[in-house]
Structures are given as structure tokens and as C-alpha cells.
Amino acid sequence: MKKTSKLGRSRRDFLKSAAATAAFAAVGGLARTARGQSNEPIKIGQPTILSGRVARLGESSRDGAQMAIDAFNAAGGLNGRKLQLVTRDSKGRPDEAARVVRELINTDKCQIILDSEASSAAFAVQEVIRQTGTLCMHACSETTSLTANPKIRAANAFRCARQDIHDSIAGGRYAAQFVKQQGFKRWMICSPDYAYGRDVSALFFHFLKESEPSVEVVSETWPKLFAPDYTENITKILQTKPQALYSALYGGDLVTFIDQGNLYGLFDQLTLFDPNMADYTTLEAVKKLPKGIHSGDRYLSTFPNTKANADWAAEYQKKFNVPPINWSWQNYVGMTFIIEAMKKTGSVDSKALSDAIRGMTIDSPFGVDGKITMRAEDQTIINYAIGWGVIIPNAPYLEDIKPADWNVILELEKDWKKKKGYI
Amino acid sequence: MSRALKLELREIDVSYGASQILFGVSIEIEKGATMALLGRNGAGKTTTFRAIAGLVAPSAGQILLNAKAINGLSPYRIARAGIGYVPEDRQVFPEHSVEDNLRIAKKPGAHRQVYWNLQRIYEVFPTLYSIRQRAAGRLSGGEQQMLVIARALMGNPELILLDEPSEGLAPIMVQQIARLLLRLREMGVTIVLAEQNLHFCQTVATHVTIIDKGQIVLRDKAENLERDAEITRRYLAV
Amino acid sequence: MNLPALLDCVSSSSCVVTQVSTGLIIGMLLFLVASGLTLIFGVLGVINFTHGSFYMLGAYFSLTAYRVTGSYFDAVIAGALGVAVFGVVFERLFISPVYNSNVLMQLLVCYAFILILDDVVKIVWGTDFQTMGMPATFALPPIHLFGGFVPPFYVFLTGLTVAAAFSLSVLVNKTRFGKLVRAAAVNRQMLSCLGVNTSLLYAAVFGLGSLLAGAAGALAAPVRSMSPEMGFSILIESFIVTVIGGMGSIIGAFFAAVLVGIIRAFGSIGYPLFTDGLMFAFMALVLLVKPTGLFGRKLA
Amino acid sequence: MALSGCLVVIALALTLDNPQFADFVLRLSIFGLYALSLNLLVGYAGLVSFGHAMFFGFGAYAFGLLMQTGLVSIPLAFVVSIAGAAVLAVSVGALCIRLKDIYFGILTLAFQMLLHAVILSWVSLTGGDQGLQGGIPRPPFLGVDLGNPKQFFVLACVFFFGLVLLVRQMVESPFGYSLRMVRDNPERALALGLSVQRYKLAAFVISGTIAANAGVLMSLYVSGAYPNFAYWTLSGDGILMIMLGGMTVFLGPIAGAGIFLMLNGIITRTTEYSGLVMGIVLLCVVLGLRRGVLDFVFERCGPWAVRRLSREG
Amino acid sequence: MQGRLTIKRLTKRFGGVAAADNVNLDFAPGSLTAIIGPNGAGKTTLFNLIAGRLKPDAGEVWLSGENVVGLPEVEIVRRGLSRAFQIASLFPQFTVEQALAAAVHARWRQSHSILRRFPLPSARARAREVLELVGLEAVAGQASQQLSHGDQKLLDIALALALEPRVLLLDEPTAGMGREARWQMIEKVHNLWSQQSLTLIFIEHDIDIVFQIAQSVRVLHYGKVLAEGSPREVRGNPAVIEAYLGATSASVPV
């Protein structure tokens, strides 16, 4: 209740202090005119990264969200009001992300935040919207604690992205089968030295060992994020001679790692498990894909192997002239949840939308059975497609995909949360 | 050194920031002359040289070399126009060997003439030949002084500016430098030297100019200096 | 910290061979970038903070050349020369006006260009990371050496860098150009008074330094994915190398690069989570004990 | 005069109740204070530090961590973090001031990056790259509730103006003049009996401590602390701010921080090529105003500004 | 012993060159002594050694009965020795009054005071006194860098005087001045000396000035004491003349 009044108040104050605001806004090079509210577009603020090494994250997030918005607007919008996406670069810096979100809410009058920040900035965004009460959809952060930890979770914040824990349970289970078949006992970790890399690696082995206690992590190596050179890590792996290697590297780092590893014939000597390999940009960039890498899917037009998914990918490709990637579908789905909630409530009120989204199930090409659910208890999505398979050099890139069993995921997740004291 | 050379300073003023050092200094040097610019510490000798060499721009007046204005040109252009400069503190390249110091300075003269090469330099400066591999920073003061004079010659200049070549040298070295300058004078090199040491100037110079507080107070031939004893004592010595 | 692992490694010859060769490989590319940085600082007195961006440009130039010509050799030449030309233009237009300014001004010009070049790369080559792929010539299995592995491409890279270091040292110590360069580093004004066009010399030195950065970028292209801001981590590392070796000392840069490579190679075994911290700590230590670096000239 | 300025800003912000304006004022307080503290070092003491973010980051983390323990009150956490920053500044400063010029700068940079590496590596304490998560609690103290945005705003403004006045007093005190002497002519200062090294150290410590204050304010503002608070980019931004605003006028750094924040705001709002535009703007400032501003600042305007300031005092 | 400066066997070498070579000198309290010698004789180095800026290779410097060799420069200043420099060493942006007040603060150990505004009234009053003493009242409000050369030199001396020294070292107080200005300057210096009960030691090139005011003269040459005595004695010394005009033996024709 407090939150709604806050939103209302800021709107009234905007009119009350229009002159002063205009004066200030002029300084900021921003021209605004007060207009009637009825056909004013509904603004959705999207803080993201548009510069530097992961600018691709921002671009594909924007494209994914835009695709959903365009469809909705073409169908008439919300009682004639169109949606408008306002995307801003935060450079991935948490304090800058916090500033951008405040600005989007306060100055640009965005009523909804589609947070397309990587993890550390997502936490900063969470702190801002906790204070403002604005509806927030995290569409990129995969760090479990963002929504799973009740101390960090916010009532008005949802996550529409893969989650470390889900990926890791799926990966751990998948790897356990191979351990059974091949007898891989000696494992090693080579993951990026930051929260995501550490968390997802720890979870993977947690669940792998749960099924196969004989597995042993004999050594670890932690390259820096965006490291240009992995030679020291590769030679360390060669020294250790593990049977299998788990790596949470992704994107350009993964490509560099594989290219440099190839020089040493690294992948002839062990089996690599990486949850992030099966993404188009990565697959197309690796010039010499080694045989037999096991990977989780990020986004593939062939998984789930449905017409809906293939159509969506084709439409995306046609619209933006690049293939969709993981962040594309996540933002698309995040936006879809928001739109569905608007349709249902006919409102843009944060509280009303939050209530509607909580527990909502939508039709989506990326769900295991064509549906994705926003779980009410921790406001995060489940039932999205997760599968592991073996990488092949050409399209469809991933073969022999074993879809994960969500019943198992949910069960193990629950146990784990209990252990962590989250429930 | 084919043409008749003439360096001319016309009424130049030089200031460093707020303090003016030179006030309307005019000097003329003809080819083949050895002119001594005498004056006490701080009289403006070094500043005059720096102005000629292009290291400081005069705020007024002109500097002409063979009737062409050279003030305002960058130092390397002035050097290429035929002026060799030997600064007061010598400024050898300390880590380079003696020979490298000379090689660095090697260039043809303003009219593409090449008289000075390593061989000729070593003939005139046999001492340098014997120490040619030594790092210039490790030479004695006198050796360094020889080196920088030789270095200036390697550029085949029409005129060399020597700032206090006798300063801080032992008497025996001063003698050697004096002999050297006389030899250069005989070879027809035009020399301008700044000095405090009157006797030294009387030995080597053909002309004398005395500068005091940034103004020229006397211009004369060296042989007439006895006649100017009063003035010299007043402006130079005890 | 994992001291037992470090001890194990040190007592195993194959581990020592592999990690030392690893250190050398890491050090070689670092040296190529750092040598340009140190050369420019030594002569011009400017810390070229855009050096990492030059490395990035070298990689992208060579990528484009490789895609056009299909020849890795051409790609490296294009990367190196392209960046050299860019460096000369950059020096003439943007750095030379601030030679006599406050060091902060030079810093700001460089910083501005880091920002600009990252975005230019983004506009021209796109935000996605790009890869060149290993040229067929080097796509060979690794060589076994005393129980360790060394990839042929790295052997080539190391050989080339050592050759470059050697040529650079000959160039700087034996040729007339080198003598002029070293003289300019000590006393630009006097050199100018000897008739040397030092502005031209400065531009040439800046061009040479840029060439080295560009060459490093081009040489690294087959094994490192490219993306905007890729110059940044290189800049930091080569800056550390430059400071440790002594700013202005090429031989210092060589030893420091190898040293940093070795620290990283063994640090990744002994202190896997603190290798960056190790490098900064080492740099601070060197600065405290000998501010001019291990091989630095004593300042006048 | 300053006091009335403070009151005007607070009153303005409260009556307008414009969140963006308040946000800007808060950020200006934080970065203005940070730039001002850096200028105490660079502008007044002539020590060009490339690692000033070390203290900003330290302040933010120390305060955030203390508050997250839930055991201490805000004033106590504040005092402890500032004292900690002072201790850090004394130890780092004692080492750094032994070096001169660029070497001083590089050594400060090395220590700053060392702190950054520690923050990234010590995950169990600092949260590594994720920073301090879950918000920073703001229990009420002495009748002040910082959880209330208005109260926080007023307190931050008062805090900012208080510190600005303190710094102002400092630069106008005999101590401040001693710093200028050490900057302009250390040899003469020594010959007058001033222990140059001690003054440098004092400047380093005071400046670091004030930067830590800005860091504390920042951690309260964003309700967290992140590794980039202690990263070189923030050190660089500080230098950018004082260069933009001017180093010889007392309020220059604050103006510079304002310009920087506005520029950044405008650029991110209008283009996604923020680096390109920011870079070009910077180039224009550095190369375009080079003769004007630099001469102006360092030669002509210098004595004028000093005179003007001394007349004011 | 207060104000006596005694130098014993002081030696300092730079590379192979001896800038001070076993120098023994004694300056009585309240005396006025000139040090002369050609360029490069080691005069300024001698001052730097006395003031503690340079550490001697060997020898002792006794100031008011205490050997100060090895003490930091600041400590030597605090024991009553101050100096003015050959090239006026000032704080260019300070006004004359500010500079003097700053020096007074330094003398009174108030330079670190943070809570009060610069300058403290007492220091300002004292600065005014020094100003009057040297006669710079008219330019009190001008920035140091805008002063005329002569006034800059005077301010430099005033800064040293503001420290209330017992021993004052002046390095070429008249360097770079016009003829008139020199005499005015030296007259002031002489007056200051006679009013302040100072041990005054100055380096000077203008020999007329030296002979006019110095009680005694020390001649340095190549780091050695070549001669000492009254001006008259020194003036007649052939070794001194040779040192100045250059050795006649140097003019051997080839």
C-alpha cells in the first residue's frame, strides 16, 4: 500500500513542480512536456550493459524485450497505451546501474524495470527497487541467491532467467551418468574467478557428488574474468591430468580457452563439461571445435525441438539479423510475463502486477512442455528448457540432448535450500 | 665555408617570464673572427647564446645569419643553417661513448660541405681518439670540453658558439683548450665564445664584446684591450 | 594458498619445464607490448596509456587483413604497420601538443582515446567477440619436451619475440637511429641543437612503439578472442612489466616480462586466487626498494 | 555564506521534492567530497595520486561490513571506518611519499590495485566481485533515521557542507599554506624549517580520510559496496573531475564533479556510444582549452585566484 | 658560543671533483664575512654543506658549540641558521606578506595549526615588522612572482630573517642586479647586520661591494681556502688575482 502511494505521489509532485523540474531537466538536456496520461506510452526502463566486452548482453537483451513489446503494441497495447522500452547503459558497474535505475524511475517515469544487468549490478538494482517499490524483472542474473535468499529477495522483484542451481542440478545429474559409464573419478575445475564461476562450479560438484560420492576434485584453477591468456591454467590442467574437466567459462573467454587448449591438445586428454557452450555466438566463433565436449544448452532453436521455438528463432533472426542467444529468450519471456500481467489486471500498478505475476504460468516456446511458470514462493521461473548433450561442429551443434527432469531439479533444489536455511 | 659569413644580432630583447635579461643587444660577427663575449656571472652571455641557438625566442629584435632571419626557427633548423652550439654545462650524452657522441652530431654543413669527419676530428683532438670508447659521462671536465667542441664541429658549422669553455678546468686544460681554439681560428672557423676569464680571451680572441646587465658596454678588437683596462676591470674583475 | 602443490611442482621436472615455458610464453607477448610502452616513456617521457588499445587495434586490423587475404603473414604485417601509422598520426595530432603540459593532461588525452577506440572498434567490428582461428601452418600437435608440452605456435611466437627483442636491442644500441633515440631520451634539447629534427624522431619512436603493440595484437590474434576493451588487461599487465623492469629500459622490460610470466605460471599453482594481487604486491615492492625499476636508469 | 548555501539547497530539495534533483545533490555530495579530498593532495600538496579510490573503497567496505554485522550503531561504524582509513593512509602514505612525481603516483596505484585484488579475492568477507549484498542496515540513532530518504538527504547535505567547510578551513589555515609551500618550493620550505615529508604525509592522511568519508556516504546511498569503488577507474574519474573543474580554485573539484556527473548523465541518456562521446568531449576540453585553461589556471589565474581567495578570507 | 660557526676539515667530492677540500673556517659571533672566489670554487656547495642540504664526506660543522653534521636540515634551521639563495627561492603565488607570515609561522612552530586562519594576527604583525626592516612595505600585497628582481632577492633575505637566525648565509645577495640596486641592497644588508646581532656570511661577486662592507674575506678556489684576511690583505694577494683573471700561464701562445 505504501508503495502504490509512493508512485502516485511522484506523479502528483511531477505536475506540482513542473516548472522547477523543467528548469532542471533543461540543464540535463532533457525536454519534457506534460501531456495527458491516457495515451502516454507506458515506459519500461531497462538498465543493461551496452559498452565494453559484454555489450552483446545489452544488445540481445534489448532485442529480446523489443520483440515482445512490438508484438504487444501491434495488437493494440494496453487499452491503446503502447509500451516503450527505455534502454540505458550502466557499463556493468553496480553503482552506475543503481543511478541509472533511479533515473529511469524518477526522471523518465518508467513504471516497470526490466533489469538486464549481470549479477553484481542486478543486486544493486534490487536494492534500488526495494526502496522505490517499482516492479522489477531480472532477466539476466543467474545467481541463485538473488531470489532464493529470503534476506535478499524483494516482493516486487522477479527473476526470469536460468538459475545456477537449476543448471547445476541438471549438469550434475547428467555428469553422474557419465561417471557411472566411464568411471571418471578425477575431476578438475577451471572456472572464471568471480561469483558466478565459483557458485556454479560448487553447485555442480555438490550435485554430482550427491549422486556419485566417489568423484574427487583433484585440483582447481581460476582464470580471471576476461583474461587474455589461459596458458598458465591449461598447463596446470596438463600437470594434474584429470579425467574430466568442469568449466563455467563462457563467451569470448571460453572461445579463447578452447583455442589455446587446442594448441596443447588438451581436449584429447580429458572430457570437458561446460554449461555454457551451446550458444550460437560461442559455437560459431570457435574455429576448431574439439570432439566430445558436454554442454548445457544456453539457447538453441532446436531445443526444445518444437515448431514454435524454430519459428521464434527465425523471426528473431529476420528482425535483428543476428541469431538469438540466451539473453534474448530470457528478456523475451520476462517481457511476456509483464505483458500477460498487464492484460490480466489492466493496470500498470506495481503491486497489482506483482500479485498477478506471482505464480503465473505462460505459454512459451522455451518451456519444457510449452509453458513456463513463475514460481510464487521465490518469484523465479521454472520449467524452462534445460538439457545437456554433446557438441558437434555444425548445426544443430548439440546432439544426443538429454532434457533434465524438472521433478528431480525441484526436489533437489528444495533439499539444498533447506540446507542453506533459505526455507 | 665558401661564402663570407656574417651573424648579426639586431637589438634583441629576451625575457624569462617577468624578468628581462637582454636589453637591445646588437652584435656582429664576421667570417673567420673569434669573438669573445665577456661579462660577469649573470650578465646575459648564456642567454645571448641561447637566443642565437634558438632555445629561447627574443621578444624583440632580429637574429640574422647571412642576412636571413633565423630567430623563431627551431633549434635543429638553426643548427642546420650552420651554427654549432657548445653549452656552458657541456651536455655530453653521458651514456654514449665518445665516438657515439661524435657520430650523433655528424651532419653536412649548410651548403652540403663535409670537412669534419671522425678522422679529421681525431687528428685535431688526438686525446679523444685515445678515449673514443669511453662513456662520455666518465670523462674529466677538460676531456668533456674537448668532446663537445669536437661534437659541434662534426656538424660542419660555419660558426660555433662556445659558452665558457675554460670554466672549471685546471690551468693545464685551459691551456690546451686555448691552443685548440687558436688552431681552429687558423683553420678559419668562426668562433664566438662567452668568457669571464680575460687572459684566456686575450690569448684566443680577435674581437671582444663586453656585456653587463644585459647590455653591451664595449666592442673592440682584442689587441686594444690593454687600452680598455679601466673598463675591463670595472666590468669583469676585482 | 596452496604451498604443497607449489612444492610438488617445483620438485617435478616436467612441471618445472611446463610452467617455465608457460611463463616464457606469457612473458613474450607481454614483452612486445611493454617494450613499446617503455620505449615511448624512455624517450618521450609520456606514459602511453592508449597502448593497450593499440594492441587491440593490431588484433582487429590483422583479423580484417586475414579475412581478406587469408594469409597470416600478411595479417601480422597489416596489424603492425596499420597501428604504427595510426600511432604516428596520434602522436603528431594529439600527444605532441601536450608534451610540455602537466602529466595529468597527457593522461587525459590517453584516457579519452581509450574510450574512443573501444567504441570505434564496437562500431566497426561489432560488439561480439571475434576469432581468427589458428592458421593451418601452425595447426600441429604440441611438442614434447622433458616431459612437458609446448605448442609449435608458441615456439614460433617465442622465437619471433626473442628475435624482435634482439633486433630492437641492436636497433637501439648499434644503429645511428638508436643512438639518436637514446640521446633524445637523455637530452632532447641538446640533440636538437646538433641539427637533429627531434619532432620527427619522436614521431618515429612513437610509431615504433605502436608497431610493437600492433604486432603483439596481430601475433596474439589466432589464440585470443577479440572484443572491445580487450586492450585493458594487457595495458595493466604491460604497465606492471614496465614499472618492474624500469620505465625506459627495454632489457628491463624483457626480464620483467619473463619474471611476471613466471610469477603467474607458478602463482597459478601456489596462489591460484591471488595472482593479480601478487603482481601488484611485487610491483609495489620493486618501487619501494628501487623506484626506477630493476633495470631503470638512475634519474638525474 | 556557505551555510546559507547549504540551507538553500536543502530547502530547495525538500520543497521541490524532486527525486532526481535530490539524487543529483546526493551524488554530487559524494563525488564532490571525493574530488575535493583528491585535490587537497594533487592541487594543494602537489602529490599526484593515481590510487585515491583506495580510500573511497576502504571507507565504503569498512562501514558496510561493520553495519552488516548488526552489532554496531551507525556513528560507531562511521568512526571506526574513518579511523581505519586513517591508519591505512598513514601506513600507505609513509611508504608512498618517499617517492617523487610519477613514481609516487604509480606506487599509490599499486597499493590501490592491491586493495582491489584483496577485495576480489577475499570472497568470504567482501563478497568478491558481487560486493556487499543484501543492503546495508540503517538502524535509527540519536533520533535520526537514515532509512527515511528525507532524513538521509538532509544529513548527507549537512555532512557534505560540514566537511567542505572543514576542508576550506584547512586550506586557509597555516597548515594549508604550509602545504602550498611544500608544493611550490619544497627546498625553500625545508630551509624555513618545515618538515616537508611530514606535511606530505599529513596531506595524504587527511585527504585519504576525507575520501573515506565520501565512501561511507556512498555505501549508505547505494546500500552496498562494490569492488569498483576501489578500482583505478574511480581514481581516474577523480583526476578527471579536478581537471575539468580546475585545481586552483577551492570549489573547482566540486564543480568538476558536477560537470562530470551531468556529462555522464546526458551522455548515457542520449547515446549508447558513451565512450566515444565522452572521449571526444574530453579531447575538446584538454586540447581545446589547453592553452587557455592551463595557462589561465597555472600561470595567470593562479595568483589572481589566490588573491581573490585571500581577500575573501 | 652563540652565533659562532666553525668549520673543521670539511670535505665533499662529486665524482672526482673536490667541491670542498679540507676546508677550515671560523666565523666569530656577530662578524660580517664575505666569501669570494671564481665560478666553480665551491662557495654554494660550502653553504649547502653548512646548512645540512648536503652531507659532507668528512669534517665537522660547529654551530653555536654543537656539531650539526648529520642533523636534518630542518633541525639546523631550528638551531638558528638560515639562508637566502643565489636565485631568489620564493613561493611564487604567495603575496609578500603571506610569504613572510608563513616564515614567521615556521619560526614559531605554528605551521601545522589547522583550526586557525592564516595568517595568525601575531604572525602578521611580526611579518609587518620584518617587512619594514627590509623595506618592502610598499609591495606587501603583491604576489612574489610579480616583484622586481631586486625585491625578490630582498624578500628571499627577509624570509631568512623572519626565522630570527643567529647565523645568516646569503648566497650572492646582489646577483643579477643593476649597479644602483646593488648598492642599495648591500646597504640594507649591512644595516640589517648591524641591527640584528647576526653572524652574517655572504657570497659575493661584486668585489667593490665586498671590499666596502666586509669585515673580513675568505677566498675559495677549487674547493680550497685560497686566502683569508681583511679585504686589504686579500686584495693584494697575487694568488687571488691569478684565480680571478685566469692564470697568465694559461695564455701561452701556441
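We call the chains A, B, C, D and E, going by the order they appear; numbering starts again at 1 in every chain.
In the analysis below, a residue touches a chain if its C-beta (ideal position, glycine included) is under 8 Å from a C-beta of that chain, and two chains touch if they have at least 3 such contacts.
In this text, all values refer to a predicted model and were calculated from it rather than measured experimentally.
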Show which chains lie in contact with subunit A and also with subunit E. D
Quick check on the contact graph: shortest path length from subunit A to subunit C, in steps? 1
Greatest separation from subunit D - chain, by CA centre: B
Counting C-beta pairs in contact, which chain pair has more, C-D or B-C? C-D
Between subunit D and subunit E, what is the gap in Å from one C-alpha centre to the other? 43
Between subunit B and subunit E, what distance separates the C-alpha centroids? Give it in angstrom. 32
Distance between the centres, which are taken as Cα means, of subunit B and subunit A, whole angstrom: 76
Quick one: subunit C and subunit E, Cα centre-to-centre, how many Å? 51
Among subunit C residues, those touching two or more other chains are 118-119, 122, 273, 276
Give me the residues of subunit B that touch two or more other chains. none
By the touch rule stated above, which residues of subunit E touch at least two different other chains? 145-146
Chains touch one another in the pairs A-C, A-D, B-C, B-E, C-D, D-E
Spell out the residues on subunit E that touch subunit B in their complex, using ranges where they run on. 16-17, 38-40, 145-146, 149, 172, 175-176, 178-179, 205, 207, 235, 240-241, 244-254
Can you tell me which positions in subunit D touch subunit E when the two form their complex? 169-170, 172-178, 180-181, 184-185, 187-188, 190-195, 199, 202, 302-303, 306-307, 310, 313
Which of the residues in subunit E end up touching subunit D in this complex? 51, 53, 72-74, 77-78, 82-83, 85, 89-95, 98, 102-103, 105-107, 110-120, 123, 143, 145-146, 159-160, 163
Could you pull out which subunit A residues touch subunit D in their complex? 10, 13, 17, 20-21, 24-25, 27-30, 50-51, 58, 87-91, 93-95, 98-100, 102-103, 105-107, 119-120, 123-124, 127, 130-131, 143, 145, 149, 151-152, 193-195, 198, 225
Which bits of subunit B are touching subunit E when the two form their complex? 17-19, 40-42, 140-141, 164, 166-168, 171, 174-175, 178-179, 182-183, 196-200, 202-203, 213, 236-238
